[in-house]
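A, B, C, D, E and F are the chain letters, set down in written order, and residue numbers restart from 1 in every chain.
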Amino acid sequence: MARTVIPFGPQHPVLPEPIHLKLVVEDEIVKEAVPALGYVHRGLEMLVAKRDYHQMIQVCERVCGICSMIHAVCYSQTIEEMMGIEVPKRAQVLRVIWSELHRMHSHLLWLGLFADAFGFEALFMQIWKIRERILDINEATAGNRVIVSVNVIGGVRADLNPEQRDWIESELKIIEKELKEIQSTVLNDYTVKARTVGKGILTYEQAWELGAAGPTLRGSGVKSDMRMLKYGGYKLLDFEPVVETAGDSWARAAVRFREVLQSIDLVRQAIAKIPRGDRDLAAKVKGNPEGEAFMRVEQPRGECVYYIKASGKKNLDRMRIRTPTFANVPPLLAMVPNCELADVPVIVLSIDPCISCTER
Amino acid sequence: MKYVILAFIGLVVAPLAGGLLAGIDRRITARLQSRQGPPIRQALYDVLKLFGKEGLALNKWQIICAWVYLIAAALACTLFFLQSDLLLIFFVQAVGAVFLVMGAMAGRSPYSQVGAQRELIQVLTYEPLLVLVFVCMYLAAGSFNISDILAVESPLLAQLPLAYIVLTYILTIKLRKSPFDFSTSHHGHQELVKGVLTEYSGPYLALTEVAHWYETVLLLGVCALFWTTNWLWMAVLLMATYFLELVIDNTMARMTWRWMLKYVWGIGLAMSVVNLIWLYAG
Amino acid sequence: MTRDNLVSEVMNMKNEGCRFVTMSTVLTAEDAVDVLYHFEKDFEVTHLRLADQPLAEPVPSISGVYFCAMLAENELRDLFGMRFTGLVLDFNRTLFLDEEVTTVPLVNNCKITPTN
Amino acid sequence: MLYLTPSVLKNMVKKPATRNYPFAVREPFDHYRGELVINPEDCILCGSCMRKCPSLCITVDKKAETWECDPYACIYCGHCVSVCPTHCLSMKNVHRAPAPQKVLMSEKGHPPQKKKKAAEAE
Amino acid sequence: MFKSLIKNSRAKSPWIMHFDCGSCNGCDIEVLACLTPLYDVERFGVVNVGNPKHADVLLVTGTVNHRNKKVLKNLYDQMPEPKAVIAIGACGATGGVFRDAYNVVGGVDKVIPVDVYVPGCPAKPEAIIDGVVEGLKKFQQKVEQAG
Amino acid sequence: MSNLLSILILLPVLSALACYIVRSGAVRRLVVTVTGGVLSVASVALLLRGSFEAWSPGTLFGLSWDLIITVLDFALLGVILYYGFKLKSLFIQIFTLAQIVLLSVFEFIIVEHVAVPAFRADNLSLIMVLIVSIIGSLICIFGLPYMNRHEKHLNLQKTKQPEFFFYLVIFLGAMNGLVLANNILWLYFFFEVTSLCSFRLIGHDGTKVAVANATRALWMNSFGGLGFVVGMMLAYNAVETLSIAALLTAGPQGALALTGVALICFAGFVKAAQVPFQSWLLGAMVAPTPVSALLHSSTMVKAGVYIVLRLAPAYQGTLLSDTIAICGAFTFVACAALAIGQSNGKKILAYSTISNLGLIVACAGLNTPLAITAAIMLIIFHAVSKSLLFLCVGTIEQEIGSRDIEDMRGLYERMPRTSFLAITGVLTMLLPPFGVLLGKWMAIEAAAGSIWVIIMLALGSALTVVYWARWGGGMMGSRKPGQPSESLPLLINLPLMLLCIGAVGLSAATPAIYANLIQPMLSSAALAVNTTTGSLGAFAVYGLYIALGLGLFVAFRAGRRAPVLRKVGPYMGGANLGEDGSFNGPMNQPVAFGAGNLYLSELFGEQKLTMWVNIAGAALLVLMIGGGL
């Protein structure tokens, strides 16, 4: 039987980013899938040689424009650990707020794209409509919609005033209401389930062994969320990770949808925890970092790892970033074979691929 | 004279109406998605623009196929307005459908090839159902001729409710609406990009678009035959049907063709058979 | 840890039920690197270090043990010009880079030596 | 099935959520980091912005007494604004307009010892 | 008459194709946001077709690198005339923060002619809409020059 | 009259002998070509003389022809039995022995030998003669250069063409005899001759598969022959005449006679490879292409449907009629479904043939004037188009070394002329304004009153669209300007061109065919058709067909005149390399274009589906024969 060879990408309307999959299909069943990367590779890790460690924050933010905030947090924490800087509590809490806002907008963005991948345009529109409110919050509080650039080594450089806090609370209420409205569509709609349930199954063992991360890992029943490490402001908050056990695309979607609701809760908790008196936003930074550090944080797509080595110079010796998608690509390669061609976008998107951070 | 006018309607007015309908469709779709949407005449602008663009196609077969698709669709539509035989109209439109597929297969493009295969599955799904709907109409009206069907005293819908539901399935497939928009889609975000239409460009894409308008009008015409006794109710029926299509389009995910083949065949055949038996018994 | 017991050490980690997190590499000299293997179990991270590994010498691949190390090893092939023996899916320096890039990016821009 | 029906029908009867940009422009947020502008009058060519800019897009040339920025390489992070000792840099709260050509922002700066004098070169 | 109809329709129906050319996603998601209810560029007849053969306007976000420059060129070549290219964000214009990284070639104009640059990092949806409008103006000029 | 009939029946026999005895290529070439020409002319002449009621040959050397035929009959069965033993096929031995016994009983005990006119011809017979003589001859002529190349491919030392053409040509005579026969014993004789010929032709190449398939063909057809003998006896029991004409005018005659008719129809079913007997015809694909073409289009299988159609008046209005319709419709849909799972071009053609024969049988079973008209139309147009397609596939196979439709993708680039003809052939099988579709249309209209039949027809015709459209579309392709077209021998080119022109031209002549040939026959059978409505009314709105034809013409002109296109490759997500559909894949390696059709193997996979189809088909057959009782 003759096989069709489909060049899926680098440019493809359902792939938001350039990645190429050579798909060999037979009767529209995928028999072989080989990826080609490198369409987004810029060479960021090398920029440490050309930027000082303060400037690198902005570069790290642009590893990924979606969870930029969390990259910056992770980078800052790594440097802070090396230099032994105590970040003011207010800054820690504020970092959580913006991080969780990023997680929400990232998850909603993804849910929309996911809906689009199985051809549910109206749902996409509905979700992205909700998401705009979060971007408005970012823009009003941090000065930009997606890449907020509020982190500096030692803290943050923007604050929330009481009116803004109230406004965020009221916006969150609206967001929560609108999310509840689409909840049954996302989780229970017959057509949605028909396209997601049982598609791209990753068992608990597979997920663990292939080194999956984030919702992809939690969708397979592994209780693993770096926020359980209680880094930064998270040590002040109640947190219990969201886990689903089915291991299919539906489970991953469900994890993310429930995490959005959880993030709303975390933001509320964090707002309540903003210290009253202490107005300190950033600690003073002196000198240059030295030594080695390894830091893990939870990004919307999962565990992000920074490894930094410095030797007391303005420029770092080495910065290594392992982003969650990098970890989720091998599981993806295990999920795609023997699925239907029509399910390829669904399965590929179900790991919430972020190629720009994968390739940096 | 009457026939000249009818032919004119079928040949010239119908596509314009189809184009406007496409615009209204997009506008309402936008509203359902809480968007403002394009102007009503947008579909006409699009096609006019396409006619002014550079034509790209992989080979001349594609161009021929695009033309045949258009001509067959136009002819089928004209025949409809001339009140010809339903089966004849069906076969003439099938010419268009087949050539669309063949055109997509004519080039070495994986996307249009896969699109063509899926389009064939769609043809495979709706054709028998459409024939059965026509047979139902035949049994109810005693003839395949539209003029005879028009002469029936009471609305066909009363006798053929299930057949009408089957027809809405067909309509969903033919209008390329979700959940059955997998061979090509009005929305670009689809795993096949544009499926059968991927390799058509510029004026040739415009031809297929106009042909699609003809087909839309034709199918709505068939729907209209279910309530011919009263203009008002006919209009209500058509509007309700079309609006229903839009709502379906906007409340469902795209399904796969395997699913469609199983369920639409199963349900469609079952309903047609029930309706047929009912007619035999009645 | 040495090059010889690398694979068996990694095997041990796997048998203990560890998850492979990633590998990192740091230049320690002009042409030598430290290779770090990071593993996780119950939120505890374990690092294995293959110290002062000369770039010219191939390293045994652990992608046979952890398939997911394949990407990381290919990346090091691209960025440091390292070689791995027994790599399950070898992109041979085409994971990220095209022939237009004629230097090994993270090794002080030395020219690449063309390989088969 | 059809869980979304109430929502879409509601959308149908409600006013669309669309902001009619560019025909109606909503009030911009105060803190939005939009177009970077310089008041060359106050620039003392100290070069702090040049050293802090993560995108390396500002060039201060003390000899030629020029301050240049490539707004098409600027990432609108605002660090230059916060380090500028004379507060001559600022950001509007609207974005910089798209243009068919890339032009450099190029200003004549004034070293501190001199008296202030408007000298713009464009 | 037909000719003038076509001409008028051109500016009313810009079909776009978006190519992410190694962007950090910041600009991408803003391009996508343009399609969503709040910005709804379909008001101007914009459709995101995702297929170069149907597109009139190419929106490019991100930096050009050695691998994707060939893709970019291919896509541009596959678009039927008349066409326009809009480079979005600092990366699309010059390469942005990344422009001195080893695998970055630079802005989009290193590979294909660009008609409009939209600054920003990321460019706001409003800026992108402005950019499309600006692009249409140029588009119209080009068409008029061609006759 | 007598001259024409002798030419039509005996000339092929003589020519065949000539081919066999004079083992020279040149002579064979001359003999076959001339025979073909003469046969064609004779068939037209016969048509012009019109139908005749009865005609019997005189005697040969004082022996009555009836006697000769009887002797030959037993001789023939003897030969078959011989092959049965030689091939060690128990089935053949049993069935043939049973036939010999029963036939002896029948001939020597039951039948009173009164003179019955041996031949008779109504328009149906005349049309069949035309098809056999003209199309069959063209195929034989095509076979001349084809077999030369074929043997070259096989590296044969000693040519086997004399036997080949012996059976091929004699086949034509037997077919002519079969369709003209009035005496049922004669019919039986010719029927058996075709069985034997097809057996020899299928096994011609002598490979293991060929022999096995030939054996299967023979045992199945012997089974059919057995049915024929039993049916003949039962029918004779009821009407007490050997004359088919008399049998028909008598109409349905009670249970036993009806069972007899059913059994004769059963023989026709086997011959027409209706399910569950489709396997012999599929197996026949191993034979050289002219054989397949001959079996499929104008001879063998058409003999089967001819018998069913011929007997239609004898079971009109009975339950048997309905069951025949359902059996036929089932074959139509089942084989169309099976065809979808195939990528072997010849197999697709085979399934399509069986499927279409099923449709014809269904029409016979529907047994209304409209349906009978549809059946005859289908026989005509199917024969022309199918032979064209077979010959095209044969030509293509010799050129590209494959009969797989996947390998024919983009064939236009390499063989523009043949692929153009093949595409035309596909279109004539599938779309209006071509004749086959017209037949289908009438069939659907005729079946509208019969719920199960119409459902199966609706499904079947949709399935048909799928396998034809993808084949036709797949053959289209790009061509670089100035690339030379392929060159073919005249004797291959000519039959192809004639058949193509025939397929298209005859469609245009449909109304004339209907008015002059079919209608008179039906009205003579006192079955008036109201020609002003329905599909027959379409003949009145003939203008539409002109419009559609004109549309096709306009489209082709538009295509030809289209401006020279800028060369751009197909859409490959931007990774395209050049224009031939290859792209830059992982590791920067070029990946070649590849495309395959959907075969839906889980739904239409041959193995699984065949089993179910066979079970259902057998059940339906039992129902049918039982229904006669």
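Just so it is clear, contacts are C-beta pairs under 8 Å (C-beta built on N, C-alpha and C of every residue); 3 or more make two chains touch, one makes a residue touch a chain.
Nothing here was measured: the structure is a model prediction, and the numbers come from that model.
Shared contact partners of chain B and chain C, listed by label: A, E, F. The chains that touch both chain A and chain D are B, E. If you compare A-F with B-F, the chain pair joined by more contacting C-beta pairs is B-F. Separation between the centroids of chain D and chain F, computed from CA atoms only, is 80 Å.
Centres computed as Cα averages put chain D at a distance of 22 Å from chain E. Separating the CA-averaged centres of chain B and chain E is a span of 33 Å.
Averaging Cα coordinates per chain places chain A and chain E 27 Å apart.
Along chain C, residues 94, 96-98, 105 each make contact with two or more other chains.
Residue positions 1-4, 8, 16-18, 20, 54-56, 75-77 of chain D are each in touch with at least two other chains.
Residue positions of chain B touching 2 or more other chains, listed in rising order: 30, 32-37, 54-56, 110-111, 113-114, 117, 188-190, 193, 198-199, 250-252. If you check each pair of chains against the touch rule, the ones that pass are A-B, A-C, A-D, A-E, A-F, B-D, B-E, B-F, C-E, C-F, D-E, E-F.
Note for the complex: chain C touches chain F at residues 91-92, 94, 98.
Residues of chain C that touch chain E in their complex: 96-98, 100-101, 103, 105, 109. Residues of chain F touching chain C in their complex: 586-588.
The residues of chain A lying in touch with chain D in their complex are 50-51, 54-59, 62, 122-123, 126, 129, 136, 139-144, 147, 149, 157-158, 181-182, 184-185, 188-191.
Of all residues in chain F, those touching chain E in their complex are 568-569, 571-576, 584.
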